[in-house]
Amino acid sequence: MSLASGAFEPTRLRVRYAETDQMGRAHHMHYLAWFELGRTDLLRAAGVAYSKIEQEGVKLPVSHVEIEYRGPVRYDELVDVYTRVSGVRSRTVTFTYLAVRAETGDELAAGSTRLVCTDDKGKPRRIPPHLIDVLESLKANAHAWPES
Amino acid sequence: MSLASGAFEPTRLRVRYAETDQMGRAHHMHYLAWFELGRTDLLRAAGVAYSKIEQEGVKLPVSHVEIEYRGPVRYDELVDVYTRVSGVRSRTVTFTYLAVRAETGDELAAGSTRLVCTDDKGKPRRIPPHLIDVLESLKANAHAWPES
Amino acid sequence: MSLASGAFEPTRLRVRYAETDQMGRAHHMHYLAWFELGRTDLLRAAGVAYSKIEQEGVKLPVSHVEIEYRGPVRYDELVDVYTRVSGVRSRTVTFTYLAVRAETGDELAAGSTRLVCTDDKGKPRRIPPHLIDVLESLKANAHAWPES
Amino acid sequence: MSLASGAFEPTRLRVRYAETDQMGRAHHMHYLAWFELGRTDLLRAAGVAYSKIEQEGVKLPVSHVEIEYRGPVRYDELVDVYTRVSGVRSRTVTFTYLAVRAETGDELAAGSTRLVCTDDKGKPRRIPPHLIDVLESLKANAHAWPES
C-alpha cells in the first residue's frame, strides 16, 4: 500500500471449514474477524503495528459494528477485504470495509466498525497524536472501492 | 415465556474463556453468537424449533447486523440476553437484543439482526404463513426491555 | 457437587448454530471450549474461581489435549460434559472429560487436557498449595462416568 | 509442493486478534482450525479439492485429535503449519502437523488428527480409490519436518 498513491492491496483470506455453518456458508459472525484482519493490515501498511500500540498502553476496543451481507461465501473460497478509514475523532476512529469474492469480484458484505480509544484500564482517552496523524493520512488517501 | 402475558425469560449464558481476547474481555464477535442463542430461545418459547424450520427447507440467513457495545464483559461473568421481534415483513424478520450483566443489570450491548427467508438453494422466498403468525404474535407481545 | 459424596452435576450446554459446520454437526474444535466450561464448573463447585486464580498471577495454559470423537452432535441438542481430575503433579494437572447427548446418554466424545502452571510471564512454577489441595481432593473423590 | 521431490510449502497464517485469549496468546482450540488449513492445502497441492470431495458425497469428519503445545504464540505472529499424511487405511486417514513460529522456527505445537470416511448420511464407508491413491502417494513422499 502506498499512502502517496492511494493504491492498496486488500487482505486476502480463504474461508475456513471451521467458519462454515450448517447452511453451508461462512457463518455471519466471522466477517468481524475478517474485518479485524483488514484494519490490522491497513495499519501495518501505514507503518503501524497494532500489537505495538497495545504494548504502549493504548487499546482500541470496538464500540459499534454494522454489516450488510450481500451474498453467501463458501468453504475454500478466497475473499478480499478492502478497508479504509472513514472517520477520525479525538477518541474514536471508524473503519469501513468491503468484502468481495476474489475470483469474481462479487460483493459479499459491506460494513463498518467504530473503535474507541482507552487506556490499559479501559478508561477512555485521546488517541495519541502520532496515531491520529496516520489515521488522518489514511482517511485523506482513502481509495475508492474496487467497483467504483 | 408466556405470549399472553408478555413476560419472558432472557437467555442466560456465561462468558467462556475461549471467548475472551487479549484485552481481557469477551471479543466483540461473540455477541452475534449470543444473539443467535437469544432468538433461538425466543422462538422455542413460542413453540417453534428453528432446527425444525430448517428441516422443512426454510433457511433464515442473516442479512444485516448492528451492535452498539456499551461496556466490556469478562470471563465467567453471567450475561442475560433479552430478545424481541421488532419487524416482520413477507420475506424478512428483524430481531432486537439487549445484553445485560446478570449480576448488576448493566447494559453491555444493544443490537439487531435482520434475517431473510430463503429456500434450500438460497433463493429468497416468503416466510411460511405459520411462522409469520408466530413472529407477528411475538412482535405484538414484545415486552419492554428490563430497565424501562 | 459434593466432594464428600462424589456426586456431581455435569456442565450442560446447547449446541450453538455458530458451532455447526457444513457437515451439519458441531465442528470438532468446539469440544475444547466445552471441556473448558467443564473444568471451570468443576473448580467452581469445589469453591475455586478460575478467574480469581488468574488474578493472583497463576495461569494454567493447556499443554496437551486428546479427544476421541464417538458420534456427531447437532445444532440445538443438549450436551452434558462430565469432568474429573485424573492427575495432579507439582506443576501440571490433568482433567478428563466425557461428553454425552443429554437426551439419550449417547457418548459423544471422551478427552483429556493437561494444564501446566505458570506465572504471569509464562514461566513454569509450582501449583499453589491451596490449589493442589483442592485438585487432590477432586481427584480422590472422582466419580465414575455416568455409564459405569 | 512437488510430490516427486517431497519438497513442500507449509501453510502460513497470521494469528488473529479474535484468536487470542486473556492470557495474551492464541487460545489452544484454534490450532485445530489451523491444522485443518494445513491438510486442505496439502490435498490441494496434490490436486484434490476437499470441497469437491464433499460434493461427491464423501465426508471426512475428525474422529481423533491429539496436540502437544510447546510454547505460546501471540497476536499478529506468523505461523507455519507443516502437514503430512502419516497413516492410510481403508476407512481412515491420519494427518500429522508441526506448527512453528515463522520468524524463528520455534516449535509451537505438534499434533495429529484422524479422519474417518463416511457417506452423506454419516455412515462409515471406504475411502474412494482415487483418494486412497493420492493419500498413499502423499504418505510415501512425506517430507521430514523442517528441523530434522
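In order of appearance the chains are A, B, C and D, and numbering begins at 1 in each one.
We adopt the following convention: contacts are C-beta pairs under 8 Å (C-beta built on N, C-alpha and C of every residue); 3 or more make two chains touch, one makes a residue touch a chain.
All values reported here derive from a predicted model rather than from experimental measurement.
Of all residue numbers that take part in the contact between chain B and chain C, over half occur on both sides, making this a same-residue interface.
C-beta contact counts were set side by side for C-D and B-D; C-D has more.
In the Cα superposition of chain A onto chain C, the rotation angle, rounded to steps of 5, is 180 degrees.
With centres defined as mean CA coordinates, chain D is found 35 Å away from chain B. Averaged C-alpha coordinates give centres for chain B and chain C that are 28 Å from one another.
Inter-chain spacing, taken between the CA centroids of chain C and chain D, is 25 Å. Looking at chain C, residues 17-18, 22-23, 25, 29, 32-33, 75 sit in touch with two or more other chains.
Every residue of chain B that touches chain C in the complex is listed here, in rising order: 14, 16-19, 32-33, 36-37, 40, 49-51, 74-76. Interface residues of chain C facing chain A in the complex, by the touch rule stated above, are 17-18, 20-25, 27, 29, 75. Chain contact summary for the complex, chain B toward chain A: residues 22-23, 25, 28-30, 32-33, 54, 59, 61-69, 72, 122.
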